[in-house]
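Each of the two complexes below includes subunit A, the first together with subunit B, the second together with subunit C.
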Partner chain A sequence: MKQRKAILLADAESFYASVEAAQNPSLRGKPVAVCGDPALRHGIVLAASREAKAYGVKAGQPAWECRRLCPEIIFIRPHMEKYLEYSLEMTRIFEQFTDRVVPYSIDEQFLDLSGCERLWGDPRETARRIIRQVWEKLGIRCRIGLGENPLQAKMACDRFAKKRADAFFELDSASYAAHVWPLPIGDLFGIGTRMELHLRRMAVRTIGHLARLPREIPARLWGVNGLLLWLNAHGIDYSSLEAGAAPPPKGVGHCATLPRDYAAPEEIETVLLELTEAVCFRARALGKMGTTVHVYCRGADFNHPSGFSRQKKLPEPAASGPEVYPTVRQLFRRHWDGRPVRAVGVSLSGLVNRRFYQLSLFNRREITDALSDAMDEIRERFGPTALFRAASLTSGGQLFTRARLIGGHER
Partner chain B sequence: MSIILSKEILSRSLEIVEKALSRQSPLLPLKNIHFESSSQSITLSATNMELQIKVILPYEGEYSGKALLPPQITEIVRLMPSTEISLDVDPENYQVNLTGGRTRYNLFGADPADFPAVEKLAPAEGETMSLDPAEFSQILKMVIFAASTEESRPAFNGVLFEFKEDRLSLICSDTYRLVVKNVSAAGWNFTPRRCLVPAKALRELLRILDQSEDKVLLYTDGKKMAFDLGSVYFAAALLNEKYPDISSVIPQRFSTRISLNRSEMEKSVVRAALLAEAPNYAINLFVGRDAMKVRVSSQVGRMEEELSIEGEGEEVDLYVNSRFIMDILRAAPAETLIVEFNGKNGPIVFRLPEDESYLYLVLPIKMD
Partner chain C sequence: MKKKLYHQFACSSLMLPEHRAALARHRREEAWKEWQRRHAPPDEQQLEQFQRLVEQSMQAGLPLKITCLEKGRERCFTGVAHRRQPHPDKLQVQVQEGTVTIPLGAIINLEAAP
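Up next is the complex of A and B:
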């Protein structure tokens, strides 16, 4: 008989806020919001504690709105480095139970417990032990969904375990329909607001409605994606943790929301140069070069969206600022409409091996390569700001601000 | 007054001329064929500013006029049911009547006044080169395949014609490989100059050359390069791009030199290339004293094959784009080829035996 799989999804409750409370017990039981500088424009709520959520505070709200909902709210500035540490710490706890742990996001991780019954006993009991251990060791409440595949585990966690006092729920192929089908269609994994609207217009209001459609209908309307949603509605998921664990990246990119709107082309170009350097650095760290560069600019005026998103093939695959930046600047100069810019981004795609490439007659890549390698080594040893371009010292430069951030938030 | 023409001749002439049409252009004269008849000849011309083609057909008769013909004219003539076509142009309104058998077209031609005149260049004394069309076609085919089709560096979309006293050097590269072909003849005396001719235009020229038997006259005014085949006049606007100096790229020495059988190697590389993968299509060459191993290893599988060669110098083990090797093996007009290597990251140079006038250089794939 085919062995029944036991997949867990463990999710940390109000992760950033919980880490802050774990670090500072005086925050326990109080409404806490982790939030960038409330005075600045990235002052939006990244995470809210359970107590703050009771007031209606939600991630993504601006600070002022959050204060209106809950005047006694305690704002905490983010500490991204700490959150990453805690996330890794959770992985370490999970790895005591199985070697198949796959982080899904900073606060969600999949565990494959299939075949571990003899070692740990019933997976339900194991899940409860894991919840206990994470609480005891880290002071973080984690919720676990159990299923026969990653989809069922995710649905069990998001839709049920999070609402239960014991923070655990199990779905399997036999019980999936009874629990999941009555839920509104927007609750199904993989359905965004746009797709929800499409389905609601077709009178598909619950997950059960979608499940009972002939599979050809979603497949015809939305192709593979439609079929996938229909399978999701049935709790069927053919993906495995090993296969989907870490797909090789198709490209590397960075974007930056600017501290104020930039209108001067020199300032925007400075940030583009810094992003180009950062992107090239990441490509090199992966041992890759890019064949196509993509530049993105978003205008400052929300009511009149402007900006562009354009790409161009590089003359030759490259992973160094001096080779990539001319094309970035060319794209910017050609497509920028001259209006103030709020956010910019640069990415490299079509990645190819950096150590295995076609030599070129009129381009001494060995020299640029050696230079890049030396720069990488200096930054590796002495930090990202040990060596930088002079332009970063001009008014537009964001390098020093960005060096203090992880994922756009404070370290 | 009607002109009577052979359908076959007219059809073939139109097919040549229409290569210079710019069908997407918003300008009518650039997407129409200019027709003109005089008492001695009929001329058909077209230009898209990059290319000018003019075909001159001898014809004895009376003046009939001129007009711009719509681009459909080529197909119209090709599909006419008769072997002879009668054509006349109304000078008042440029309408053109075409009759063949029981088919009759009345085409609304346009005023030819705005057509940019296709005037033959007047070459300076002694600055004209005369070549046999088959020979010139052969030379172009040995060179043109190395041109780049990528638009990011326009200089490499061209073939460099370098005139120097009694010699013409054709140089073509896409930055990964380079071809040099020298042509010379007694009595030539050119002012030194470099002309970068678009490879796209030369590919069109090749199709015409293969149908021609007349000598090709080649001359330039520094802005255009003219290829005069007698009844067909073909001129290409030169690319205004800086071409890098290639002299530093060609190695004066080599570490390994072999001679091999061209068709044997071609078959072998074709077999290996079946497993080679984008973007580099890499195959591995291991060159020993009397044998060369052609190997490939990719996600699809592995292949190995051994070829007999005659070699001297060091062993060399390198990776190279199989397509670049296939190109030269297909274009080289000899059964035995000389190949020189310069270590695993140095250029590979293909030469013809006892022929100094040609070389093909390709850079390997670097493997750290």
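Up next is the complex of A and C:
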């Protein structure tokens, strides 16, 4: 008989806010929102406690709007290092139950408990034990969805477990349609607001409506994405949680929201240079070079959206600032309309192995490679500000501010 | 079939580079702990048992499976012990390909070959 899979998705409730409450018990039971610094234009809510959510506060709202909804709300600055530590602690707890733990984000992790029944007993009971252990050891409320594949576990967690007092729900192939098909189409994993709009225009209002369409229709309209959505509507998922099963990254990128509107081209170019260096550093750490560079620029005026997003193929694959930056600057100078800028981004895609490249008669690549490697070694050992370009000391430079951040938020 | 069909969660995973680095560090530490656990030196009781098995092998030709560490790597030999060299303590084992000499201090496990 084929063994039934038991995949769990464990999700920490209001993770950042829960960590703050775990560290400072006086915050328990109070409306708390973790929010960036409005002075640095990071004043949006990253996580809201259950009590704050009761007032209508949601992640992504600006701080002033939260204050309007809930005047007694307590704002706390993010502590990203602490959140990473807690996330890792959760991984350690999960690893006591199975060695197949795959983090999906900082607050969500997949666990494969297939074949562990003789060791731990029924997966439902194991899930409840995990919930208890995370609460007792970390003071964080964890919700768990159980399914026969990662998709079912994700749907069970997001759509049902989060709304239940016992924080647990199970879906399987037999019960999937009965529970999931009546849900609105936007609740299906993988459907964003634009796709929801497309589907609603086709009178597909529930997940069941999509499931009942012939699979050729979504596949013809949206290719592999359409087929994937149709499979998701049926609870079918071929994803693997095996280590190393994930495809290698297609690109690396960095973007930055600027602390004020930048209007001077040399200031914007300084940030672009810093981002290029950071992107190249990451590409080199992966042992890759990029073949295409992409520059993104968002205008400061929300009422009249401006900016651009353009890419260009590099003359030859590269992963060092001096080779990539000229193309970045060229793209910026060609497409920037001269209006103030609020955010910029640089990414490298079309990654190829850094060890193999076409030799050039006139370009001594081994010298730039050796220089890049030496710089990487210094930065890895002493931090990103140990060695930097002089431009970072000018008024536009963001290197030192960015070095104090993780994921764009305070360490 | 496209990659996305098999990796929809890997494709949509949102992981900070710092989180990835912390996880990689954690996995390395765990692997190191596991390595140390597996390669811990044998205790008194195990040494006594090894002694008994070596004697049986030398007297009655019992084939042994010997696991030892060589430059940090695990190596496995299956054969019959036929001589023990003192100063430094080494064990000569007759394996299929010939004779190997294993320093006794390098042995981390010794059992009767199946």
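Miscellaneous remarks
Basically, the second predicted complex is superposed on the first by the 404 of 411 C-alpha atoms of A that agree within 3 Å, B and C clash if a C-alpha of one lies under 4 Å from a C-alpha of the other, contacts with A are read in each partner's own complex, and residues count from 1 in each chain.
Convention: a contact is a pair of C-beta atoms (placed from the backbone, for glycine too) under 8 Å apart; a residue touches a chain by one contact, two chains touch by 3 or more.
Computed from a predicted structure; not experimentally measured.
After alignment on the shared subunit A, the placement of subunit B and subunit C results in a side-by-side fit free of clashes. Once the two complexes are laid over each other on the shared chain, residue contacts for A:257 go to neither subunit B nor subunit C. In the superposition on chain A, A:228 makes contact with subunit C only, while subunit B stays out of contact range. When both complexes are overlaid on chain A, the residue A:103 reaches subunit C alone and has no touch with subunit B.
An angle of 90 degrees, to the nearest 10, separates subunit B from subunit C at the C-alpha centre of subunit A in the overlay.
Once the two complexes are laid over each other on the shared chain, residue contacts for A:309 go to neither subunit B nor subunit C. Partner contacting the larger number of subunit A residues, of subunit B and subunit C: C. Once chain A of one complex is fitted onto chain A of the other, the partner contacts of A:240 are limited to subunit C, with no touch recorded for subunit B. Using the contact criterion defined above for the overlaid structures, shared-chain residue A:363 touches subunit B, although it does not reach subunit C.
In the superposition on chain A, A:190 makes contact with subunit C only, while subunit B stays out of contact range. When the two structures are aligned on the shared chain, A:291 is found in touch with subunit B, with no touch to subunit C.
Once both complexes are placed on a shared chain A, the shortest Cα to Cα gap between subunit B and subunit C comes to 17 Å.
Taken in their complex, subunit B has these residues touching subunit A: 150, 152-153, 173, 175-178, 244, 246, 249, 279-280, 282, 319, 321, 345, 361, 363-368.
Contacts from subunit A toward subunit B in the complex involve residues 291, 313-317, 352, 355-363, 365. Partner subunit C is touched in their complex by these residues of subunit A: 80, 84, 87-88, 91-92, 95, 102-106, 110, 150-151, 154, 190, 224-225, 227-228, 231-232, 237-240, 245-247, 282, 406-407. Residues 2-19, 22-23, 26, 30 of subunit C are the ones that touch subunit A when the two sit in their complex.
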